[in-house]
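What follows is a set of structures for review.
Look at the two complexes coming up: chain A is in both, with chain B in one and chain C in the other.
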Partner chain A sequence: MSLTADELDFIAQEEEVEIMPKFDIPTMWLITGDVGPFEVGIPIKVPLWIALQLRGDNKCNIITPYWLTKSSMEKVKEFETKSPLFSKMPSRHYMSVAKLIFELCPEDVPEADDIKLLVKDVWNARMSKLQAAIALFIEKGASWAKVDNLTQMEMCAIRPFFPHSLEHLHRFRKTIQAARLHSAGNASLEVRRQLPK
Partner chain B sequence: MLVDHYRRDFMERIVGHRVIIITNQDVDAVCTVKILTSLFKTEGVQYIMLSCCGVSDMKAKYDEYSSQSDRYIMVNCGATIDLMDTLGDPPKEKLFFILDYHRPINVLNYYNATGQVLIVSAPEPDERIPEFDQIFREEPPDSSDEEDEDMDDDDEELDENGMNERMRVKAERRIQRQMYMTWVKKRERLLFDYREHSYYSRPSALYGLEIAWVMSRDDMESIWCTIISLTDSLVLGRLPRAKYSEYASTVNDHILRISNAEKLPRDCLKIRFERDLYLFLYRHWSIYESIKSTPYMVSMLRTWSLDGLRKLNQMLAYLGLPLSEVKQKYANMSLDLRRQLVEMFSSGTVVENYKLPDVIFGSFVGEIGYRPKFNALDVQLATLAVLEEPDPNKSNEEKFLNAVQCLNVRDVQYCKYGIEKAKVMLKQLNSQIQMMVEMKQVQEIGPFLFVQLTDSMIDYNYFKRPTTIPLLANFLQHAGIRSGKRKWRQSPWLIMIPYNQEYFVAVGLQPGAFEQVDKNIFPEVFRCIKAKMPDDVVADNFDNWAILVKTHKRQAFADLLLALSE
Partner chain C sequence: MAGQFERMDTENGTGGSASPDTFGRSDEEAEETVTMTPRELLTKLHTAWMNERLAPDLLPPQIEEIECMLELLRNMEVNTAKLEKKDIRLGVHKMEVDRIRYLISSYLRIRLAKIQEYCWDLQTKENTRNSQAPSLMSPEEQKFLKEYIENLESHLKNMGTQHMPRTMQALQPQTMSTSSNLDSFLFLRVSQDSSIIVDDADGREEEVSLEAGSQHIIRYRPVAKLVPSGSVDLV
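Right after this comes the complex of A and B.
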């Protein structure tokens, strides 16, 4: 049972984000932790899910995370396109966070259109590297590989395809072997004993 | 009593309580309700929304729900009637906030003694409400019996000074009484003058927007609702163009305050104020069809006759619009022509030769992302059509809720449905005018011009309530004047529209109501008539220039009207 994209979005909402509240209330004692006190005009760090809820009710403004800016994203994109390795992304759930913020309140993010394009470019670069790595893996017939700095969303994206295709390849190999066995059925006993069952 | 400070006097008295919103059924109420309910949702205020179609309906709904809450918001109902009296003197804890564009405000609401009636839509400076002292005054003590008793008691102790004193007191009292009687006469005159003219003022949605602004909860969606309400007031002839432009520029300031359009990302709602054609639904139709359905163009060009059609074709040719293009759907027209349309129609020749100065007006256009743009005029007509949809299976409340959905900018499904209905409505309107002109149904009765619409094949279902009747009535008047005699411009109009089996709607229009918005004296006149024929006339609406008359009593009604006008 693997995680779906929606479940990953849910998990991503644990990330902390800064907001500027438009209202005053004292500390809220929640099960997962305490939040507050909220004062008008004073920025405060809260989990993303609270930030999105409050923003939906127009009770706060979300301050964009430092990495979701044009300059920061451009640097990341440059590194990703030049280097064959994966860089460590500033947030473990960069895709989910970006998607949730852009869905709800694009007007809070300055230069939102450009940043959207940059995030998508970074995603494409990483995915193409991943696909090239997979192709190499299959070609070499290796049994294990180590990749650093992949985010869960990217893993989730290839998870339906990757093991499934490896299984198909395995089945093909088995069929080929069985076919060879069959054609070698007229060979000597020793040969037959040596072939895998 | 007026609400001066929205936060202190209005919101703080509402937050924490359950609110009942009672509304009239018109587009402005729909818009105001949308703004207020989204504000209440974010503030966590529970509300019950009741829409009613008349005074008796309002009273019935109030009686039904009065136990549920202490705070009432009356949208577009209740300013002109004595609210406390109509609702049966509700207890002191119940507060009523009135957001109404109907004028004149009833003086008993304005000078409410118990502090229960609070008027949010404050009267403008040029509305002169009579002063408190001119209307309310204590009756001076007087009763000649009392005086005589006094006199008898003190008979024994008469001495010269005492006698003079008493005479002086009696004389003083007589003078006071006389002054009081003159004051009463003056008061009657003042109130009569005040109540005589009915008109409309600032749409309630503008007040709704200001309340949201004060609470820092305004956003583009609220501004869009306000725009629709403004357009509605313009189309149905409640505001003159100058006022519309004034309010439009106020709204434009709000738009600029909230966002700088260039910096907004693509996905947000962006609204622009630009010059646009005053042709109904032209983006969803062909230009030709639209010109033939817009009341203004039809009346000015007289397109009901062959001559008029020829003139229209001539004008289009003059502007350089080939007929084949103009009869296609707007979306299929060539891009160059589409871009030049506004320029063409505002050119000097069109304005002078064909006398169409009002074809261009300042309108608002909204867009989201790469979706097709939507015009305020189209959305307003769609909302109107959905609100007045002649579907017997849907209750009035359901239609109101559907109309609220039409204002949704992200989900345009209801709007599309409304636009189709609006096309049907406009077609009906046109066929009615055609029939009226061809059969010469306008008659001169005394100082009035009388039009009786017969229920033949044409469906009147869209024009039963004061929400849409102005469209029909103003159009009738304009077309009638253009097709008839010149001197008809000076006369007031009386129009009878079939309502159902039993009743007709009688509509009274001032002369020239179609071109400049004027104060209407007919509500007062109709009130006098109702006093004389109480059983046959039903004046239940909040807009009382349209009332119901029993079918067989129409003649009596018209006779009374003539008699009163002399």
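Right after this comes the complex of A and C.
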């Protein structure tokens, strides 16, 4: 089972970003928590879905998240390409957040085109690392693996194919094992216990 | 239902235009109830939705939480109705209500889809369940399961088996039944330190300690119990 692109966007919209409001209203009491007060020209943190909605109505400008700048994405890229492991991303949904902001208001982000390329580079670096890791995982015949710092969208990129393959491998191994026990002349009871249900 | 969860902040509603006791509770109830802010409630539902979405089997239902949230949403809608049409706040409140409604309906739909898929298996489980043990389904879902099976059986009978020779007319649910695949692999994030025993295909067992905050890809069977208890979240 995997998540759809829309579901990933939905989840990513819970991330917080800063906006520069163009209006004054007092604190709003939302179920998500309190948001506000909004004052013209005073930056304030809100969930991304509020930011996108207000930006859509041209009621605010989105302040680029600190990591979505050229210099900081360059650092992330450099670190990612040098490190053998997956490095911790500045946002758990870096890909979705960047995509949503670039779709709605690329003009709010300075050097947007360069940053887009950098984000894509980071994604590619991580995906090729992931493919190498998968190959190693399968070669070793491991039954579990730690995947710290892997983001949800990256998991979805290899889902459902990869988990499904692992499951098949698991079944094949179980069958081989059962057949081995059978040919070794073990009690039939033993064999039945080993067979996949 | 709403009384079971206490709203921490005293003021509420939409920018102060709501009456302060909308989410209030009486004092007698306070002593034995779970204290949870709407935000915590939402987080809990969000996790439950994600788990239900990614787990291969049916997880225990979160009926109370859902009813509570629906109550909050109803109050919110009553309160926002007082706002003027061109008020900026109206759009934000409406969006929030829509997002939470989507969350809840998606959650319930996933459950119904699972109930349809594993209907015979769930029926057997339900019939053999210890009367003390909580059901995997809410009363409404149990009703749905019963009706679904009845309809499915009568459909199969009308369209198929009644035209067969008499000796072949019996329906055998056990031959058609599918059950959840506990051997599927999935991704999880650990929220509480725990340790599990993972057995591989050759029957070797290995103890794996799950540290809070780490992420793993693993077969569902060894961690199945940790999902409803909240020690691990599926991602």
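One rule holds for everything that comes next: the second predicted complex is superposed on the first by the 164 of 197 C-alpha atoms of A that agree within 3 Å, B and C clash if a C-alpha of one lies under 4 Å from a C-alpha of the other, contacts with A are read in each partner's own complex, and residues count from 1 in each chain.
To be clear about the criterion, a residue touches a chain if its C-beta (ideal position, glycine included) is under 8 Å from a C-beta of that chain, and two chains touch if they have at least 3 such contacts.
Everything quoted here is computed from the prediction, not taken from an experiment.
Q: Could you say whether A:75 touches chain B, chain C, both of them, or neither, answering first, second, both or neither?
A: neither
Q: Mind working out whether A:171 is in touch with chain B, chain C, both or neither, as first, second, both or neither?
A: A:171 sits against chain C, while chain B stays out of touch.
Q: In the superposed arrangement, does A:112 touch chain B (first), chain C (second), both or neither?
A: Only chain B is touched by A:112; chain C is not.
Q: Looking at A:28 after the superposition, I want to know if it touches chain B, chain C, both of them or none. Which is it: first, second, both, neither?
A: Once the two structures are laid over each other on A, A:28 reaches chain C alone.
Q: After lining up the shared chain so the two structures overlap, which partner does A:148 touch, if you call chain B first and chain C second: first, second, both or neither?
A: It touches chain C, and chain B stays clear.
Q: Is A:120 touching the first partner chain B, the second partner chain C, both, or neither of them?
A: neither
Q: Can you tell me whether chain B or chain C touches more residues on chain A?
A: Of the two chains, more chain A residues are contacted by C.
Q: Could you look at A:59 and tell me whether it touches chain B, chain C, both or neither (first, second, both, neither)?
A: Both partners, chain B and chain C.
Q: Would you mind listing the overlap between the chain B footprint and the chain C footprint on chain A?
A: 57, 59
Q: Looking at the complex, which residues from chain B come into contact with chain A?
A: 41-42, 216-217, 219, 259, 263-268
Q: Report the residues of chain A in contact with chain B in the complex, numbered from low to high.
A: Within the complex, chain A touches chain B at residues 22, 57-59, 102, 106-107, 109-110, 112-113, 116.
Q: Enumerate the contact residues on chain A facing chain C in the complex.
A: So the residues of chain A in touch with chain C come to 1, 3, 7, 10-11, 13-14, 23, 25-35, 49-50, 53-54, 57, 59, 141, 143-150, 152, 155, 159, 162-164, 166-167, 170-174, 176-177, 194, 196.
Q: Can you tell me which positions in chain C touch chain A when the two form their complex?
A: Residues of chain C touching chain A: 9, 11-16, 18, 38-39, 42, 46, 50, 53-54, 56, 69, 72-73, 76, 88-89, 91-93, 95-96, 99-100, 102, 181, 183-187, 198-203, 206, 208, 214-219, 235.
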